[in-house]
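What follows are several structures.
Shared chain: chain A. Partners: chain B in the first complex, chain C in the second.
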Partner chain A sequence: MNAETLYFNSLLAMCLGALFAVLFRKNDRMANYIAHCMAIVGSISAVLCAIFVFKDGGVSLSLFEWGRVGLVTARLDPLAAFFLLLVGVIGALASLYAIGYCREFYGKRLWLMAAFFNAFLLTMILVFSVSHVVAFLLAWELMTIFSFALVIHKWEDATVRRAGYIYMVMTHVGTAFIVAAFLVLATAVGSLDFEALGHANLTDPMASIVFLLALIGFGTKAGMIPVHVWLPLAHPAAPSHVSALMSGVMIKSAVYGLSRFLLEFLGVGQAWWGELILVLAIVSCVLGVLYALMENDIKKLLAYSSVENVGIIFLGMGAGVVFMAKGLPLPAALAWGAAWLHTLNHAVFKSLLFLGAGAVVQKTHTNDIEKLGGLIKKMPRTAVAFLVGSAAISALPVLNGFVSEWLTFQALFQLQRAFASIFGKVMGAVLIALLGLTGALAAGCFVKAFGITFLGKARSEKAEAAGEVSPIMSMSMLVLAALCVVIGIFPQTILPIINYVLPVYWGAETAVLFDYQSLGLVVNTGVADGVMGVPAVIGLVLLGLATAVLLSRLSGKSHEQVGDTWTCGIDPTPHMQYTATGFSKPIRTAFMSILQPERHKVVSADTNSYYGRRLEYHLSIRYFLHDKLYRPLNSGIIRGAKFIRRLQSGHLQLYIGYVLAVTVVALIWSSR
Partner chain B sequence: MINTLISIILIMAAAPLIEGIIKTAKARFQNRRGPSVLQPYYDLAKFFGKDSVVSPTVSWVFRLAPYVYFATVFAATGVVATGGEVSQFADMLILIYLLGLGRFFLALASLDAGSAFGGMGGSREMFLAVLVEPALLLALISVAFTANTTALGGMAGAAGGLPFSLPYILAAIAFFIVLIAETGRIPVDNPDTHLELTMIHEGMILEYSGRSLGLIHWASMAKQTVMLMLFVAFFVPWDLPGLSQAGLGGIWFVIKVMLAAGLLALVETSTNKMRIFKLPGLLAVSCLLSLLALVAQ
Partner chain C sequence: MNLLIILLMTTAFFLTRVTNMRTAVGIFLAQSVMIALASIIIGFETGEVHYYLAGLLTVVIKVAFIPYILFKIVKRLKNERETNSLLSPNLSSLAAAGTTVLAYGFIDQALPGVISRDALAAAIALVLIGLQIIMIRRQAVLQIVGLNIMENGLYLLGLSVTNGLPLILELGIFFDMLVAVAVLGILTYRLKISYASTDTTLLRKLKG
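Up next is the complex of A and B:
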């Protein structure tokens, strides 16, 4: 066994999976089991392939000779292997979940979904591994198309179709920018191979143009604000195991692409590139989590939270670019390492949360958390998994989200060194404070998401009738939850992998970056160091728990009475509970200028005005980016199209006239 | 290791005393005699001796939350325990997020009993956290930048070496505002209120009784002590000449913590509670003072 065989194994398994799904289209059960098992096999091969790369070093494979395009190669270097690991782990667990989840789709074009699912995984593996411009763009495009096909699986629904349409338009605009970025690079070097693109020697303005093109292009895929609009629509529309893959892995292809551009193709850039990324990143963080907090649709909430987490990843990358431009290799390695670790961590907890949301939606048939409640008693395993995911995404110790957010904090802390003036200090401090704000908002958001959904009493009959999902689904969720805990407690398990990717770009010095001492993790960057004593802190927390238990045991036997919740003397009903909208009210009010909430209250006057009045309350927030950016852009395009339409009169004579005029102009031009 | 444990036990044991001192000082400022300084101890003993009433609506999250809250504050105590080895291995970020973990569970528990008051308290507590977190980070970061590390031990060392200057005072005021918010005191929250509609922290724990309530109260008092200790360690680090040499540094530290507690009581007596939607302004002042301190450094 070596990385090469496993790589082809993985591709083959997914091809077969798609093929079998089509072959067994008459038998939903078979299609479900075979296709998703093949996806699991393929994903595990991808994980093993990545492990072999980490163990034995990278390999280059020639895939095929393709006419004038040239030799298409795949390169499994540490960076590619890291992302293969991501696809593999999340892909395997999402496929496992799918076996249980897709029973719901029996008789609803399941075979089509299973085939596209395999193809989607396959193209993601290709995106992360091919090392040729044309092949990359082809794989990128196919990845978009297959995910689009999965997003519009329930195409009977008009909102799903609209989500798919916007997804398609936005990602294609993004792809256009990526194509342009690659073309500029490829013309400069005269080769389409990734290895050659690094030797482009572009002038500064040209390099900046390529950077901007790549940032807009990949930023669109990542869901960076302001080009995020497709994400909160497309992720909720897709089936949940697909949302998990899209949010967990697909949007990370942008992180991969930007890493290649910024570390290999463009090399050391200019500091303002990093500053631009930092600004966009922190805006994505704060706005993303604010919008998530306002959302009562559980999958939309998770989608907006992906925007926030992409912001956190981009914070690391932006800081890394600044440090590279300023010639500080160790802080740069720290910042990029933080970004990659958060990429992995977000993949783990966000796919966990999407799978959990999928379980809830499957059992209650509603996305609206205002109609849920009390599910912890009906879906205990899902609740535990979702709680772990919620705590991890809120960056609470001792889970994985905290580790990467801590590293990002440390990277931002180093910004003071990058600038001689006070600017670095202020920038670092403001970014740290805003990242802290993001963390607190995320905690509020997930207290709401978990608390309203799982705790208290059921707010509707649908929630009352819910039951636990099949063991196979809860298993995949619990494995992901376990991963959150393991990476959180032992960052030593993942950081060596990061440490394996880093030296390729910054040399062997980075080996000393992370120091694992008996009491925890130390970050050595020469000047400003950080420490995180996870084992010590866990020890203290456990000791605290033991003390608390001991204290209550020591004070004698307790008699516990059961008494209803205090609701001022009235019998408590589910409608007396605090609502999700109410929970986010203080934050909505405090951030009114950004969120621009509008409420609409209707009091029906026909009933007695003192008792039992019927109230209707609608609340919506305005997305200022839609009003200020997309609507003007949209109407501008339509106006432009209307203007151009005048050229298209439909008269043949006029068209011949155009041809004549152009010919004359061309003739005059050429004879000059 | 042993040192840390002793420090934790001392801090946990002294926390109700600090609360008692604040209450007594407040009573004196208001021309009352007030209860004994030891009253918080009697209260805790009472809570631990009582039976509890639990709503049938609740799940294990409600039962677990007081223990998690207590454990996180306990760990936070260990993290800041001056002189303990752990402070070398834990930094301000872990401290802040540990307190966040406890808050997360209490806020969840507030939604578990299914009452409107609990949810209201939980919602406001999370809102307050949103305001406090950036202000707290900014106040600490000005010290951390000087120390070039986020480790608490290093930060405390660097704070001791700083000259008394304007940026110092600004940062100290900024942190004190955060301290008031984090300990839930007037003008941010009123710890003595029992009117459901105005409560924040107390509203969140309204459904608790008996030893669970005792654990929560104790943890809250310990958290208050931890915050006071941070304030003293970073912003009032000065030594009286000769005290440390005489081995009385610890006692001087305790005296400073008590003085800071008295200051808290003074502020509580001389202001009145703000509307909750005025709080963003107050915490924004704290953020701006920290930034000013950073620029002036």
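Up next is the complex of A and C:
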């Protein structure tokens, strides 16, 4: 067994999975089980392959000789292996979940979905491993197309088609930028191999152009604001296990691409690159979480929260670029390490949340959390998993989100060393404050998502009729939840992996960056070191709790009575509960200038004005980016097209006139 | 040979003034006869066999077949006249004159001192005048005639370059022409049926 065998084994398993899904298109059960089991096998191979790479060092595999394009290789270095690990872990659990989840799709082109699912995993593995420009772009494009096919699986629905269309347009615009970035680099080097691109030695204006192209291109895939618009549309449209993969892994391909560009191809860059990334990242964080908080569609809420988390990842990367430009390798390593760790953590808890949301949607057939409620009694296992995911994404201690967000904070504190001017120092502090705000808002957002969905009473008959999902589905969710807890309490389980990646770029001294002992984690950067002792804190808290329980037991018998909530003597009905819209009202008021909420209230006048009046209440918020950026852009393009359309008058003589004019011009030109 | 070129240009100028379709087709026929003659004369001068063959093909296709089709169409199109051209006959003659000057200027610039200067210039002028006719006229049949004039110009160009074009190319052009005129003839007739007129400006309605 070595990394090479496992890599090809993984690719083969997924190819077979896709093939079997097509072969068994008449038999949904067979297609479901075989295709998804093959996906699990392939994903586990990918995980093992990554582990072998970490253990034995990177390998470079020649895949095939491709005519004039050159030798296509797959380079499994620690960075690639880290992302392969991501695909593997999330892919395996999402596939396991899919076996249960896809029963819903029997008779609804399940074989097609299973085949595309395998192909999607396969192309993601290729994106993270191939080390050749053309092959990378090809894999990137196929990944987009397969995910598009999965997004529009329920194409009978007009909103799904529209989501697919916007997804396609946005990612293709992004891909155009990526292609441009690669072409500039490749022409400068004269080679299409990734290894060679690192020796480009571009001079400044060119390097900055490549950086901007790559940032826009990959930023679109990541869902960075202002190019995030496809995310909240595509994630709800896709089946849930696909959303989990898309949000958990696919958008991270952008992190991978930017890491390659910023660390290998462009070398040490300008400080303003990092500052630009920081600004975009913090805007993504704050706006993403605000929009998430306003959302009542559970999957849209999760999608906006992905925008926020991409912002946090980009904060780490931006800080890393600044540190590199200022010649501070240890803080740079810390910042990048934080970004990668958050990439992994976000993949774990976001896919967990999407899987949980999928379970809820499957049982209640609605995405609208205003119609849910009380599900904790009907779906206890899903509720536990979702609660763990919610707490993790809110960066609560003892869960994994806390670890990486804490490391990001540590990196941002170091920014004070990098910025010399007082303006820079203040801005660095503002970043930290805004990231704190983001964390608080995220907590509010997930209190809303969990509370309204799972607590209280059912707000509709659909929610009343819900039941627990199949054990196979809840198992994969609970495994992910366990991962959240393990990484949260013992970050030392995952930090060694980050430590394999860091020395590649910043040398051996990064080995001492994270000092992890059984009781806690120490960050050594020379100045302002951080210490985090989650296990120690947990031990103390448990000790305190145990003492409290013991004391209460000793003090005498407690008296317990179970009953409905007291509502002044009326039977409590679901309508008396806090609504999701009501819950987010204080935030809406506080951030009125950004969100610009619009209320529309209709009171029907025909009933008695003292009793039982009917109220209709509509609330919408305005997305100022749509108004200020996309709509003008859109109408500008349409106006331009209309202007050009005047050429097409439909007048036959005019067309001949064009030909005549061109001929005459060509004649004059040639006889010059 | 020079006489033929002068006659060709004269007929082309005449065509810019014609509004009657039957006359236009007649002029095209006369022009084709001249082209065939030119082909045979050059064949006689150089002694190359393929010029005779090309001349024979011209006679069969451009003197006999295409005019036959066009006459047949014109006969079916009663009450069709060219009205409201883009340019009045005087102006279009003037445009043709300008084109001729342009063609001579072009030849003098591009190939100064070439032997067959007049023939080359006339060929280019014919191509451009044909294009002008297509552009200025509204009647489909007149536009077809314009297309044929262009083709005559091209053929003349082929004749006047040294040794002429290879026969296979000329065969290709002839076949092209034949198909084009056949298809255009059918389309013109369909136009008459659909719109009760062969005025091509009506095709504007097709625009979405």
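As a working rule, the second predicted complex is superposed on the first by the 640 of 672 C-alpha atoms of A that agree within 3 Å, B and C clash if a C-alpha of one lies under 4 Å from a C-alpha of the other, contacts with A are read in each partner's own complex, and residues count from 1 in each chain.
In this text, a contact is a pair of C-beta atoms (placed from the backbone, for glycine too) under 8 Å apart; a residue touches a chain by one contact, two chains touch by 3 or more.
On a predicted model such as this, the values are computed, not experimentally measured, just so you know.
Peer 1: Could you say whether A:Val659 touches chain B, chain C, both of them, or neither, answering first, second, both or neither?
Peer 2: A:Val659 sits against chain C, while chain B stays out of touch.
Peer 1: Using the superposition on chain A described above, determine whether A:Ser62 touches chain B (first), chain C (second), both, or neither.
Peer 2: So A:Ser62 meets neither chain B nor chain C here.
Peer 1: So in the superposed three-chain picture, is A:Ile668 touching just chain B, just chain C, both, or none of them (first/second/both/neither)?
Peer 2: A:Ile668: touches chain C, not chain B.
Peer 1: For A:Ile422, using the defined touch cut-off, is the partner it touches chain B, chain C, both, or neither? Pick first, second, both or neither.
Peer 2: A:Ile422 sits against chain B, while chain C stays out of touch.
Peer 1: Residues of chain A touched: more by chain B or chain C?
Peer 2: It is B that touches the greater number of chain A residues.
Peer 1: Just checking: does A:Val531 make contact with chain B only, chain C only, both, or neither of them? Give me first, second, both or neither.
Peer 2: first
Peer 1: Using the superposition on A, tell me which residues of chain A are in contact with chain B and, in the other complex, with chain C.
Peer 2: Chain A residues touching both partners: none found.
Peer 1: Hey, which residues of chain B end up touching chain A in the complex?
Peer 2: 8, 48-49, 51-57, 59-62, 66-68, 70-75, 78-79, 85-86, 88-91, 93-94, 96-98, 100-101, 103-104, 107-108, 110-120, 122-124, 126-127, 129-138, 141-142, 144-145, 148-151, 206-207, 210-212, 214-215, 276-277, 280, 287, 290-291, 294-295, 297
Peer 1: For the complex, give me every residue of chain C touching chain A.
Peer 2: 86, 102, 105-106, 109-110, 124, 127-128, 131-132, 134-136, 138, 200-201, 203-207
Peer 1: Note which residues of chain A are touching chain B in the complex, please.
Peer 2: Touch list, chain A to chain B: 373-374, 376-377, 387, 391, 394-397, 402, 406, 409-410, 413, 416, 422, 425-426, 428-430, 432-434, 436-437, 439-441, 443-444, 447-448, 450-452, 454-457, 517, 519-520, 527-533, 536-537, 540-545, 547-549, 551-552, 555-556, 558-567, 572, 574, 576-579, 582-587, 589-590.
Peer 1: Quick check on the complex: what are the chain A residues that touch chain C?
Peer 2: So the residues of chain A touching chain C come out as 648-653, 656-657, 659-660, 663-664, 667-668, 670-672.
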